[in-house]
Amino acid sequence: MLLEFDAEQRLWQDTVHKAVLKECPPALIRRIADEGADPEPLWRVYADLGWTELTDPADAVELAIVLEELGRATDPTPYLATMTQFAPLAPDLAEPGRSGTAVYGGVTARAENGDWVLEGVGRHVLDGDRAEQLAVVTAGGVFVVPATAVSAVRSAVFDPVLHIADVLFDHVRVPARGRSAADPERARHQALTGLALTMVGACRRALDLVLDHVRTRHQFGAPIGSFQAVQHKAADMHVAVERARALGYFAALTIAEDDPRRRLASAMAKAAAGECQALVFRNAVQLFGAMGHTWENDLQFAIKRAKAGELLLGGAAEHRALIAEECRATDL
Amino acid sequence: MRLTFDTDVEAFRAEFAAFLEAHLPTEAEAGERSRSTGHLPDWARRWQRLQFDEGWLLPGNPPQYGGRNATVVQQYVHMEELSRRRIFHSFNPQGVGIIAASLLTFGAEEQKRRWAVPVLRAELTAALGMSEPGAGSDLASLRTRAEPMGDHFLVNGQKVWTSGAHDADVLLTFVRTDPDAPKHKGISVLLIPTDSPGLTRRPFASYTNPEDKDFNEVFFEDVRVPAENLVGPLNEGWRVASGSLGHERTLMWVSEAERLGDIVRDFRPTGPLEKDWYATLVMDLQALRLLGSAALSRAARGEQDVPALSVLKVFGSEASQRALEKVLEAAGPDGLIHPATTAPAYHMTYDDNFAGWFHRYARSFGATIAGGTSEIQRTIIAERVLGLPRR
Amino acid sequence: MLLEFDAEQRLWQDTVHKAVLKECPPALIRRIADEGADPEPLWRVYADLGWTELTDPADAVELAIVLEELGRATDPTPYLATMTQFAPLAPDLAEPGRSGTAVYGGVTARAENGDWVLEGVGRHVLDGDRAEQLAVVTAGGVFVVPATAVSAVRSAVFDPVLHIADVLFDHVRVPARGRSAADPERARHQALTGLALTMVGACRRALDLVLDHVRTRHQFGAPIGSFQAVQHKAADMHVAVERARALGYFAALTIAEDDPRRRLASAMAKAAAGECQALVFRNAVQLFGAMGHTWENDLQFAIKRAKAGELLLGGAAEHRALIAEECRATDL
Amino acid sequence: MRLTFDTDVEAFRAEFAAFLEAHLPTEAEAGERSRSTGHLPDWARRWQRLQFDEGWLLPGNPPQYGGRNATVVQQYVHMEELSRRRIFHSFNPQGVGIIAASLLTFGAEEQKRRWAVPVLRAELTAALGMSEPGAGSDLASLRTRAEPMGDHFLVNGQKVWTSGAHDADVLLTFVRTDPDAPKHKGISVLLIPTDSPGLTRRPFASYTNPEDKDFNEVFFEDVRVPAENLVGPLNEGWRVASGSLGHERTLMWVSEAERLGDIVRDFRPTGPLEKDWYATLVMDLQALRLLGSAALSRAARGEQDVPALSVLKVFGSEASQRALEKVLEAAGPDGLIHPATTAPAYHMTYDDNFAGWFHRYARSFGATIAGGTSEIQRTIIAERVLGLPRR
């Protein structure tokens, strides 16, 4: 196994990186957070760039590259939810450019006159307030419904750019063709991997900001980045990011090749991203010192996105429990 | 070594508890929230003044300064009773705890009368102008300049992180009065009224919440400060700084123990991993109290072991930070919600005691950064407690 | 609560410290480890000094002071087993100067003609090969038997000065008066606390050796103790030792005053000592570098004793589980 | 990015597996244990020589040096097959992996013929004389002195930690040949036969076991070393050191992955906490393999990124140390027993793979200390990977 981008992937990464820098710069995130600017035009740009077409699992590595870059930029659009939560659950019903998300629990389905009826509340749904379509996982199967069929209330959350909502299904009728044949277990691997790579991107961004800070900030007559305690904390952050990133891309690779290790690999990706964000958040805020404590500092966006990722789709401890139960050394 | 306090200490505790029982403002009375650490709603002024008058504000002080000449151990149980009930004795904590205390130690009689007592009686509020952009923990490199001009000083420069400055009446300000002296010399302390011409304040929000504006930038442009507002001798500001931080430090571990105790009370662990973290938290709380009590014993004997206090600071502040990191993660998606409450409302505190876990975690970094970062504390422990060589 | 030695305790500590330095110096430990010298004369010295008389729980703090100092010195005698394992289980049957130990499991007792008969194997018994008497905890009660009634085989263990043995009870007959009325639960608190303070002492010794080393060892043109990475590791060790020591003495104090918190306090003492030894072992060996890796360096005695303590009477994780189950904030 | 190797690599792997299948010494044949890393029992000599002859000893070498010009990726799968079976290809690993490799890179033809090939063919064993008392990781401050005397050098000084020296035939020795040059200049490398008059060796035991005497002190008193035994140019020893350590480092992560893999195989977690540790261990192993494979890809393209290897070293070595600490504690009182076995016996390794958990834990510090401590690695990462300023 060789976990390194080939030439084509390096080119793709470079293309995506430049596009994200241009289209989704820190100033845009700041306008969205502070002035409520609308991220919708940015979503259109992603569609025009063809990024919303990466729904084939075979493209999982290319998608992973986009997600990592968007994680660095604290993407304000419903791209993550659409590509890694909705599309894997509704591969035949997804349309490029239309946003979607997934509701993983809280909803029941019953058959009624050849249709299905959904009832319940999906809590903490990513982009649940703005996605145009919802894929709903129930004990009776996976159903796709338009946003117009449900009512959603956005929650106030600590990540000022993230959309989280509670979604109410009040006797939502779905025709039989709205039932998706997708395997929710497999879809979950894509969701976990996508979220993990988003977190890795956010952690890389936090590390970059910290490095800039400690290179320039002077105390006691020297740049603080020359003090061993600071250097070693930065090194630990780098190692944690490298570890999480490697496990994230490995998971993407197992999805692209439909390798049976994807169940374990996606759990490892999410767990490692979670461990990484804990260390990165802690060290980043500590090393930034008081200057990281202001609303005006962009560090907040990266660390909050990484921390929010940990709280979604199960934390590191939960995924480690799964890994321990399922893995023997020979599995890898 | 003993598990209990002397009866006189317990009698003191009982007297204070009875005072609280009789006089604590009700939730209805404490309606208006304090919007910053420099802002006192009327009820909070009345509450602080009542404590001053009854000798319960700073019990270690003599009666004319809001106390009753209490011993260190009595002062400790006073704090214990407050923290157990999640009560703030003042909503201008730096004014009471640092600024008035500094003035009572280093100030002239007239300064005590004109500034310290009004701050203690909640007639004025005060903020601490210490940090500067580019200086941080390194007081020796401060650059705000005060030129002695005979009957006044002319102040130019900038402070930052000045908590509550936009609501405060006066700033205790560290300034450079001798630019040619070695770095930690040539620093002086001035009392600067916030309505002085040329002084402007810009409150700014913390990273947790755009509405939470306690921090300030303070700009001084040719601000004239009367010479009589000099605190302590000229160019001896370093001593005042050590003194005022010393004041802050001696019992500072108590507020960390309070924070840890609050987490213990508010966290409901489920599952073996969370219980494992919880046990560590409980042990940390108990160990901090024990180590703090040893420091207390030393202080009661009149011994000061300042470097040993670094052990309490680094241990206490990191213990609650570690715990809050875990508790936030244990909250799962509910932990996203912000603002949120994670404890019953306690009306006699700022809201951060019952804010969301994210908020509580994010705020915990104040304690590992302000007053000397954990990195600086570890160096102090290594060099001054363990006797390792300096670089 | 005030956790600081009073004047009498400070004097006692000073006395004990000087006696241990004189009677149980590193050179003696070295002779025992390398040449098999006999620690028996040292045990006689302890008896002559009156240290074996500290069996009243009211003396728990004074005993704790002795145990911490002996932990620093890697005591080669059966003092710990006698004072904190045997004596609490057999308060009426203990005789000053006679060594003893406890067998906590693996043995059954049945009544037979007014006597009791013990059967089974006690594994990993501290000083099981040399203690003169054994207190045996069974479901049927606590029994005291002379060493002559059992057969014991000393195990090879990594701590070269420690005695650990498996003890065989092959139809051992005990008269009714050999049944102790002691409460094994309470005795266990004393054993845990004693072992914890031994570990704290060993950790303090390891830290002292590390400090000496990093003050004098030069690399890259400076004493390594002036490097921030080294300084901060040493500071962490100090904090861990202070934490464990405080909880250890608190436990001793609850025993001395028969305070109901002793169950929790002794678990916290053992857990904290365990966490302390993990950090101290790790940092001590790392900071000593290659020089800590030789048999000829005395560091090995301190860190091995501390690590051995973690493996006896339940590790830190086990005790934390008990703490979490039993403790509410108001308990303390 | 790919989950599988090219078919030529897999064919190579199959060929090597077939060789092992046919030729691996049986447990009976491998009766006599090697007593140090400088000592080769006869069967181990035959085994190493067979691999040399068949081109399997160091497959990246040309055939005359025990290889078959294998690619870096083929060399990796060769190591993978060895480690999966817990097989040592040589019981004089420093001789084969560092000393012969250094001679093949920096040595004269005659030195290759006279020393490198016999070491590879197990006719001689070699040890590495690098560390000195008082120098440790700091090669620049070494003090063993070699005076150029025309046809010979006169060597005086002392080495320490020279693994296997008492059983080795020759020492590759770093010496100072120009005492006036700046510290890292003026160092040279000499091949010094251990039977040279004036050379004495004192093996000493490791802290785990008084019987385990692999380390040596080596003393040089007026030892005459023929001038022809100089390896590389005079005063250019620093380059040889970088080169030989470079050799060691490129695939060094594989042995850490091997160690982690062994722990995964041998540890049987019970209870939720131990399972939590176990999951971390499994993730660390997989992450190390993944990060290592990226380094491998770079090496396959001929790129060298030496600072990035510090990430593998610090991560891999600390991961197994962390795991072993936990596993030892999980063993409870059974973990006291020493020596002990914690894995099935693998006759083609040293005993430490199946020694007690204490032994395995205690030995893990070799990897966080030797070859540049973890502290040094972190500084390298900070300054050379992340671009932070030097002090």
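Labels for the chains are A, B, C and D, by order of writing; each one numbers its residues from 1.
Simple rule for what comes next: a contact is a pair of C-beta atoms (placed from the backbone, for glycine too) under 8 Å apart; a residue touches a chain by one contact, two chains touch by 3 or more.
Quick caveat, the model's predicted, so the values are computed rather than measured.
Novice: Decide which interface, A-B or B-C, involves more C-beta pairs in contact, and give its chain pair.
Specialist: B-C
Novice: Counting only C-alpha atoms to place each centre, which chain is farthest from chain C?
Specialist: Farthest chain from chain C, going by C-alpha centroids: A.
Novice: Compute the distance, rounded to whole Å, between the mean C-alpha positions of chain A and chain C.
Specialist: Each chain's C-alpha centroid was found; their separation is 51 Å.
Novice: Give, as an integer number of Å, the spacing between the C-alpha centres of chain D and chain C.
Specialist: 39
Novice: On chain C, where are the residues touching two or more other chains?
Specialist: 227-230, 232, 317
Novice: If a residue has to touch 2 or more other chains to count, which residues of chain B qualify?
Specialist: Correct list: 272-273, 276, 375, 378.
Novice: Flag every residue of chain C that touches chain D in the complex, lowest number first.
Specialist: Contacts found on chain C: 34, 123-124, 155-160, 162, 164, 217-221, 227, 229-230, 274, 278, 281-282, 285-286, 289-290, 292-297, 299-300, 307-308, 310-312, 314-317.
Novice: Could you please specify the touching residues of chain D with respect to chain C in the complex?
Specialist: Residues of chain D touching chain C: 131, 134-138, 141, 160-161, 204-210, 215, 273, 321, 325, 328-339, 356, 358-359, 362, 365-366, 368-370, 373-375, 378.
Novice: Chain C touches which residues of chain B in the complex?
Specialist: 1-5, 73, 261, 264-265, 269, 272, 275-276, 278-280, 282-287, 289-291, 293-294, 296-298, 311, 314-315, 375, 377-379, 381-383, 385-391
Novice: Write out the stretch or stretches of chain D touching chain B in their complex.
Specialist: Within the complex, chain D contacts chain B at residues 271-273, 276.
Novice: Along chain A, where are the residues that touch chain C in the complex?
Specialist: It is residues 227-229, 232 of chain A that touch chain C.
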